[in-house]
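Following: one structure in structure tokens, then a few remarks.
Here the chain labels run A, B, C, D and E in written order, and each chain numbers its own residues starting at 1.
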Amino acid sequence: MGLLNRLDDPYEGGGIVLGKVEELLNWGRSKSDWYLHFGLACCAIEFMAMNASHFDFMRFGTIPRTSPRQADFIMITGTVTFKMADRIKVLYEQMAEPKYVISVGSCSNSGGPYWEHGYHVLKGVDRIIPVDVYIPGCPPRPEAFEEGMMKLQEKINQQAIFNKRKRLGIE
Amino acid sequence: MSEKKRLDLEYSQLDSDRMRINVGPQHPSTHGVLRLEVEVDGEIVTEVVPHLGYLHRSFEKHCESMTYQQIIPYIDRMDYISAMNSEWPYVMALEKMLDIKVPEKVEYLRVIVAELNRIANHQIAVATFGLDAGAFTPFLFYFRDREFIIWILEKLSGARLLYNYFRVGGMAADIYNGFREDCLSVIEKVRKTNAEVMDLLIYNRIFIQRTANVGILTPDVAINYACSGPVLRGSGVAYDLRRNEPYSIYDRFDFDIPVGKGEVGVVGDCWNRNMVRMHEMEQSCRIIEQALEQMPMEGDVKANVPRRIKVPKSEVYMRAENPKGEVGFYVVGNGTDKPERLKARGASFVNLSVIPEISKGYMFADLILILGSIDIVLGEVDR
Amino acid sequence: MIQYFKNVWSGFSSSLVGMHITFKHLFVKKVTIQYPDQRFDLPQNARNRLKLTMSRCNGCNSCVVACPVNCILVETVRVSPDDPHQEVHDNGKPRIMWVTKYEIDFAKCCYCGLCMQACPTDAINHTTEYEYSEYDRNKLYYKFQTLTPEQVTEKERLLAEFKAKDKDKDCKTTAAKADPKPTKPDQAEK
Amino acid sequence: MLATEIFQRLSSEFGEKVLGLFDQQPSDPAISIAPEAIFDICHTLRDDEEMQFDYLMSLSGLDLGEKLGMVYHLCSMQLGHRIVIKAEVDKANPIVPSVERLWRTADWHERETYDLVGIHFEGHHNMIRILCPYDWEGHPLRKDYQVPEMYHGMKVTY
Amino acid sequence: MESTNFVWDLMGRNLGGVLIVISLPLFFVLLYALIAILAELKISAWIQERLGPMRTGPWGILQPVAEVIKLLQKEDITPDQSSKLLYNLAPFIIFTGAYAAFAVIPFSEAFVPADINLGLFYVFAIGSISAMGIVMGGWASNNKYSLMGAMRSVSQLISYEIPAAMAILSVVVLASSMNMQEISRAQGGGFWNWYIFGGPGTWTKIWVVPFTFGLTIIYFIASLAETNRVPFDIPEGESELVAGFHTEYSGMKFAMFFFAEYANMFVVAAVLTTIFLGGWNSPFGDFMQGPWWGSFWFILKSFVVVLFQIWIRWTLPRFRVDQLMYVGWKVLLPLSFVCFMAISLFVMLK
């Protein structure tokens, strides 16, 4: 997107075309999210249940990928320990932009039940990688996963591609 | 640092054509965050070094600062696939220490929920085992069925996965109207899907080729490694705590102990281990049917114990037959409402330790299947 | 040789059996619950987001003691008898404690239901509400208190006045910080 | 075989190394032994015709304050009896013989005990940490364990 | 020989005509790949009692479009330790291999991009290019999983070429031509004249029907292996090798692999259609026969074969490497030889 970023003004005057293009691009990214197949703990079982027939995560256009290179977002489903933390950092770095992170469950949100005495538990995955959506629950219901996914899609749809500065209100 | 050095590979000793492959902790089929360091000679596995601890959540440290009641949610999070079964031995240990007699209805309810959870666990085990072999569809069939079991357990306890349903001396909630009918309809579904999966997966020639004669675990090795559950029974040892050391009311039910018979392949291979789980689902169905029939529908299930349980100075090791094997809790009470020490003996932890022994000499693809056939859950391995 | 052909045939035929099963399933009614449009009926005892009914809560701290993860923070101030604003609980008893702070960190809660069980007045309850994911973790820190900070200082002032006035009475003051290691929302935000 | 019989058998064979028998309800009957004799006694327990303790259920380490304790829960699959073996060792020099050669399952149990409680098992082929990272410091299940402030640049405490 | 290409009839053999001729299959491949991806998602879902993509357009039919738009925007990562030139070249080579095979596919009586006499031979030769691309990609990624996946993939491709070649050779013997257009033409006049049922001829062909039918199955199985589909998807077997030779690829380069895989599926399906299922011939003799109907039948038949591949994908578990070789060398190869001998004997005696 490097080339397009240089268009400084367009959105206001005559930006309809670019606006529509942006919408299209955002639509593509939000509707086709491949996720990194990555189960850590209890939430991973609910994650599997969500992939199963009753909840069918694929309705949202998500496809499991086993390689981080091809994934669009990573779901941290479970307790992140210190032994694991370095790996998660590496995995996140291996993913190609644009990439998103969903933190699922109390454990990855803030250490969850282990926040107080868990000497080996990282207290929140957002200490090592930026998180886009937090899904609470221990473990969350499969529907809650899907709601988090819809929240992420909303977020992607609001992203600015062509006119970042204006959207962010910097100018 | 010296420890690390000892473990790290001594590359100079390797032959030039051997390759060290790191499987996990992020790997689609290590059933969680297990890391295996595999040395392969071409495709043949010559050495496996498991590295654990990627899900070490300091369970035992937590227990020392929790009251006895508060520990139960943490036990759920140990073996999160069969939480009901894991809660049971812990609660039994406390009941033994406090000398509490549990009402009849509670015993039956415990048996039913534990067996339902056993079915759910075996469904996941067989499903993921099939997934390791590349068959995706049975996986979803089983998860579809598991959902019905989960719904029953949710209606009972309020949670889908981590139930926190057992209490010392009782249960958290009574059964609901229509519980019996729900259970019976689930049993019917389980049997139907099992029959379907038998055709679709278990007796598929490709699946047999993949799993029979692979990862053979002989009985004496299994006992020496203290394997338990379907891993031990797959090797032909008919040892089931529900029968050999009957706890609760298991002596009242008529059920068989399925063992690996070598119908296909050799006794103790992956296929037979898996087959034991298939048969155990059927046996669980039978136990549930009998329990539903005998269960008294009246009566209270709430515990008649003080809110703050104080356990006298005593030590009890209580074990029970979990879907994955023998789970034991060694509880050391010190007279207060918090345990002095609580050690959990995870079935997966012990069963997993046999991996380096039985995976040598098989192919790399077999290693994944051997791991799948042992049915580990990392929450219990690492605690 | 016969075994060889048997193997080949069983490989072929068992695949056909499997294909027959999957083909049948192509036309089976699908079980999917299309979540945002259709919803699964949750049982009433489902344990999801906690809800506090302030009119029932008497600030007894049982939930804090029962909580295994210490995610609940409760602070109370005794109701001064001079307070013109007296409240009555839902069960008809007069309020003894003002609950000046009732905060639950849902990023820590483990949804075990022990607080609900411990609550003597049925004030804290699990609901069937599960859709509350957030873009920001701090928004998962829920504050249930109904009193504004100004009101709280007012209540504290009233109590202090009352105590000064009535020293003989052994009126134990308050601020029962039940939490042994209180969660610090200020720190959590960082 | 009852615990008293096992105790008599062991004390007749090992004399003073077998310290005593605890048999109080509701606790499981336990035999206390001297730590240096663990291997020999366990060997007898496993191979004796009348005992045949072929199944090591669990091996736990305890912090008893002054001392560190080891608890072995044994079970015989053939004969169906159980026994608990206990030993205590000084905190300053916690070295005990390993039983890994008797029951291979003790391999990981001993590593775990070493990791969490800090008892060093002599004769174990690979006495390294198992659950905590290899460069972790301290043994978390000791009562005086201090949680480190930082680990690899990540804050440990909340 | 008269021209078998309606574009050249219309425009003459000039640059514009050539451009149209080469771009027609490209458009077809892209369109087809989108449909195949959707079919794969939907069929897998239906088999598993799910619904598949539902929220992208009505019934999720725009899902592949969204995926392409997304893949276009993805960052293109080249690993630091990789061999850059080969790494970047590999997807193009694989896609070229798949796409070049379309040159001789007879879409209709009146359209085959290049009507060459060695059509079948050409398909085989060009199909092996993708093996090169896989090795390049796997090796250049500098990843053990990729390398293992690539090695497995190539050994698999090479061993399964032989039974496939035997199946094709048998048809060549029957049709006494390697021109795909001529083979198609020979099967005209109803489905009983297709080579799966022994090809055109009198009732004596009853002797050869079991063998041609068997060869069809053998070729189908071999083609599954050549396109790395389940039960032969060992190179990208998710459970052991994370994603096989394309573990390290992202963005558009991965999309090339993706498209090439689906294009390859179509190529093998098209070859199967041409040599066994009557190509562009209507199954009902002269009914619905003609150039336009021809392309309809051809695409329909090929698509049915592709659907078969998808159906099998979601039914069977996967083989192990040695078993794969066993099936290739010890089952398919001898059986295809037997069939070939029988057919040759039949042709000699006829």
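Points to keep in mind about this one:
Here is the rule we go by: a contact is a pair of C-beta atoms (placed from the backbone, for glycine too) under 8 Å apart; a residue touches a chain by one contact, two chains touch by 3 or more.
Treat the numbers as computed from the prediction; the structure is a model and nothing was measured.
Farthest from chain E, judged by the mean position of CA atoms in each chain, is D. Averaging Cα coordinates per chain and for the whole protein, the chain whose average falls nearest the overall one is B. Taking the mean of the C-alpha atoms as each chain's centre, chain C and chain D sit 41 Å apart. Chain B and chain E have Cα centroids separated by 44 Å.
As a whole-number value, the distance joining the C-alpha centres of chain A and chain B reads 32 Å.
Chain centres here are Cα means. That of chain A falls 36 Å from that of chain E.
Chain D has residues 131-133, 140, 158 in contact with two or more other chains. Counting only residues that touch two or more partner chains, chain A has 52-54, 56, 59, 66, 83, 110-111, 113, 115-116, 119-120, 138, 141. Residue numbers of chain E whose C-beta contacts span two or more other chains: 47-51, 54, 238, 242, 314-316. Touching chain A in their complex are the following residues of chain D: 131-133, 136, 140, 145, 147-148, 151-152, 154-158. On the chain A side of its complex with chain B, the touching residues are 37-42, 44-46, 48-49, 51-54, 66, 68, 78-79, 81, 83-84, 87, 91, 113-114, 116-121, 138-139, 141. By the touch rule above, chain B contacts chain E in their complex via residues 19, 21, 27-29, 43, 130-137, 140-141, 144, 200-201, 204, 206-207, 209-210, 363-368. Taken together, the chain A residues at the contact with chain D in this complex read 82-83, 85-86, 110-111, 115-116, 119-120, 122-123, 127-128. Across the complex, chain D meets chain B through its residues 24, 26-28, 30, 54-58, 60, 62-63, 71, 73, 77, 80, 84, 103-105, 107-109, 112, 116, 126, 128-135, 140-141.
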